[in-house]
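Dropping the structure in here first, questions after.
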Amino acid sequence: MDAKTIIAKRVAKELHDGDLVNLGIGLPTLVANHIDADITVHLQSENGLIGLGPSPELEHVDLNLTNAGGQPVTLIEGGMYFDSVTSFGIIRGGHVDVTVLGALEVDAEGSLASWIVPGKRVPGMGGAMDLVVGAQKVIVAMTHTNKGQPKIKTQCTLPLTAYRQVNLIVTELAVIAVREDGLHLLEIHPDTTLEKVLALTEAPLHVKTYTKMEG
Amino acid sequence: MDAKTIIAKRVAKELHDGDLVNLGIGLPTLVANHIDADITVHLQSENGLIGLGPSPELEHVDLNLTNAGGQPVTLIEGGMYFDSVTSFGIIRGGHVDVTVLGALEVDAEGSLASWIVPGKRVPGMGGAMDLVVGAQKVIVAMTHTNKGQPKIKTQCTLPLTAYRQVNLIVTELAVIAVREDGLHLLEIHPDTTLEKVLALTEAPLHVKTYTKMEG
Amino acid sequence: MINKQKYLDRQTFVKHLFDGMHIMVGGFMTCGTPEQLIDWLLESNINDLTIICNDAGYPEAGVGKLIAAGRVRSLIASHIGLNPIAGTKMSDGTLDVTLVPQGTLAEQIRAGGAGLGGFLTPTGLNTPAEEGKERLEVDGQPYILERPLRADLALIKARQVDRYGNLNYAKTARNFNPVMATAAKLVCVEATERIQVMDPEVVITPHVLVDYILAEVRDGR
Amino acid sequence: MINKQKYLDRQTFVKHLFDGMHIMVGGFMTCGTPEQLIDWLLESNINDLTIICNDAGYPEAGVGKLIAAGRVRSLIASHIGLNPIAGTKMSDGTLDVTLVPQGTLAEQIRAGGAGLGGFLTPTGLNTPAEEGKERLEVDGQPYILERPLRADLALIKARQVDRYGNLNYAKTARNFNPVMATAAKLVCVEATERIQVMDPEVVITPHVLVDYILAEVRDGR
């Protein structure tokens, strides 16, 4: 299993029946493929829908029905459309149970950086700042390192997306909870070792009991 | 013609084709009966509609279709329903061209009092404070006096509905404009005299050229 | 299928009630007010309620029934004019009434439901509505800083509910209902009609905001 | 009949344009963007525009066309990621980009259209989005005070317009369109379809907010 699939499968286990969930662009989108068939999760797309369905066949593409990445999508039965004001009212108002997003860096306080690399890339924050502040639970889904460089830091060095909002970090190597006193290692992947996880994590980790990460 | 009809007919002349207009409960409601047949005025009811039509026959009363006074009304073709947030967004956002409302007192600065008589009557302000602040033009439609006591005062004595928001005062005796430098007499009713109007008006009136009030 | 939403019977409803709770009630002069849910409140023994509603209803309809029964300690509303009992209780000190401009009331509830810490409105400047509130200037214009409103429970009257819990409303019975459905911990809905699936373009209240749907509506109302 | 609203031809449209004007453009990654009205802007000779839009579009679609043609001085948007030309122009200083959190952008436009002087949001606290803004505490919680946004012109893409000027929108092409229709001095609409009368329960934008309806839509779009 590749890193992305490991992460997506593990994140999917955090979702509960009836949850309203927002999956960010990229890796988080893959989480939808791994949701337990026994539960119903309502997927929101912040550009204006709840009830995100699978990608359409080419002949069924509707240019008036896209996700927050501008890609064609479908709506499942029971879903509905709304405008951007309503969408972010739902997000900021705490009605989204879980938001899953990627990050460039996450730190020991639960702050994250995801929207800008000064002098290099300025895509913008889009809806990420609102999602991370508004959602009941914030899960960062990302590879553990960037070409071997740790992304889980003592303190973020890039401009922040939000200060102290992350609850859980899921990588291909580990599952880490953010608590008041810092980062707690909850699980490590069977194919790795504690030593390797600690070596690839810049931030200090509380390591007490941890379990094997389930894929 | 009774006082109310004189006032309603004169106020109706202030409305223009295409105007969005809110008519308050009571006397202002009568203005709708006198709108020039050549123009289209859109009537808003702040509880949630634009396109207020005439009162329904008893057998056509719909308890889910009322005006801001809780009375059964109808909707004309082209009208629509919306919620209270949208309604007051339209009102406070300056999209209402004219609001017409009654008052207990109006003063030389264009402040008005209409919603409370301390110790006696506490109906509440309802939507009046928003309407008076938000509408492009505020017309007070009221009898000139309360049992002979002037209602147009140098300074309101009752708690205010709004400070300096009234543009025009229409009574059965006179039409008075509120300007930066105070009240200007624009018209007096043919059946009255300047002396009588001045005697029944506590606030000072600028009297230069005035015309006969048209009914 | 209705997921998070559940059908509500009286027994379940009463379990969620407690003395002193804050309850938002939809409707405008009882147009769009869920009368059956109010009757269930009356039939329970909860007391000391804070009611947030556009108005005080009538003595025998809407939140007026709760006021007349002496169950309401505080009322936050834009007017009480058509309920003389509310006026009397306000005068004799047995009902604490906070009068709020209607647009401000709607916007306070919206702020509560949309996660805002407050908003700046010109409505009520230099009037009793400004008392006790902070005044801020933005670009030289004065505004009143108004706070968000939230509640423990919202009682909502809808026209239709579909099997997913999506809601729409009837004509001017919409009024405060949709915004109140965003701003309470528990949202209970009394709907006139049940349908299969609502057109996704015309849903007013998304199912994710709804906690309970009244299981059986009396009189087919 | 359409009253205040008027049918819009290119000549009339151009008369309302001026250099340096602030224009809101509906759409989200060009889904729900009025491309014909943007082309009319391109074909005019106005310049130094300030564009308020969710994003920078693509180099050859949406507001990206105006940016590529060098007609935009300032862009207020939540992201520019899919338009490399916007990024390049931002870097070389020929385009002034203000990045705003998407929910804050929507709410700023709403505040502009709803007569509010601003609002308090927790979004962006302790991030670059807070720079230059006032921080306020309400009940011990910090918030950023955000200002309203208004514009001289709003370009709106609707699905249907009825003969009174009422609008609805197609699926997720709704996005920023309805709120922008509340917040500009002049509101011009490009609608895919004309119908007789819209169901009063499902009108999204009331006709009173609409100034002009595009008279002829090319390609039947």
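First chain written, first letter: the chains are A, B, C and D, and each begins at residue 1.
The criterion applied here is as follows: a residue touches a chain if its C-beta (ideal position, glycine included) is under 8 Å from a C-beta of that chain, and two chains touch if they have at least 3 such contacts.
Since we're looking at a predicted model, the values are computed, not measured.
Listed here as common contacts of subunit B and subunit D: C. Separation between the centroids of subunit A and subunit D, computed from CA atoms only, is 29 Å.
Work out the mean CA point of subunit A and of subunit B, and you get 55 Å between them.
Remark: subunit C and subunit D have CA centroids separated by 33 Å (rounded to whole angstrom).
Of all residues in subunit A, those that touch two or more other chains are 49, 75, 81-82, 88, 91-92, 133-134.
For subunit C, residues that reach two or more other chains under the stated contact definition are 107, 110, 114-116, 121-122, 171, 200-201. Chain contacts in this assembly follow no simple pattern; the graph is neither a line, a ring, a star nor complete. Going by the touch rule set out above, the chain pairs that meet are A-C, A-D, B-C, B-D, C-D. Note for the complex: subunit C touches subunit D at residues 107, 111, 114-122, 136, 138-139, 141, 143, 145, 147, 168, 171, 200-202. By the touch criterion given at the top, residues 17-18, 20, 40, 42, 49-51, 75, 77-82, 88-95, 133-134 of subunit B touch subunit D in their complex. For subunit A in complex with subunit D, the touching residues are 45-49, 62-70, 75, 81-85, 87-88, 91-92, 111, 115-116, 121-130, 133-134, 159-163. Per the touch definition, subunit C reaches subunit B in the complex via residues 28-32, 54-55, 77-82, 87, 90, 97, 99, 101-104, 106-107, 109-110, 121-129, 159, 169-179, 204.
If you check the complex, the residues on subunit D that touch subunit B are 1, 3-4, 110, 112-116, 162-164, 166, 182-183, 197-198, 200-201, 203, 206-209.
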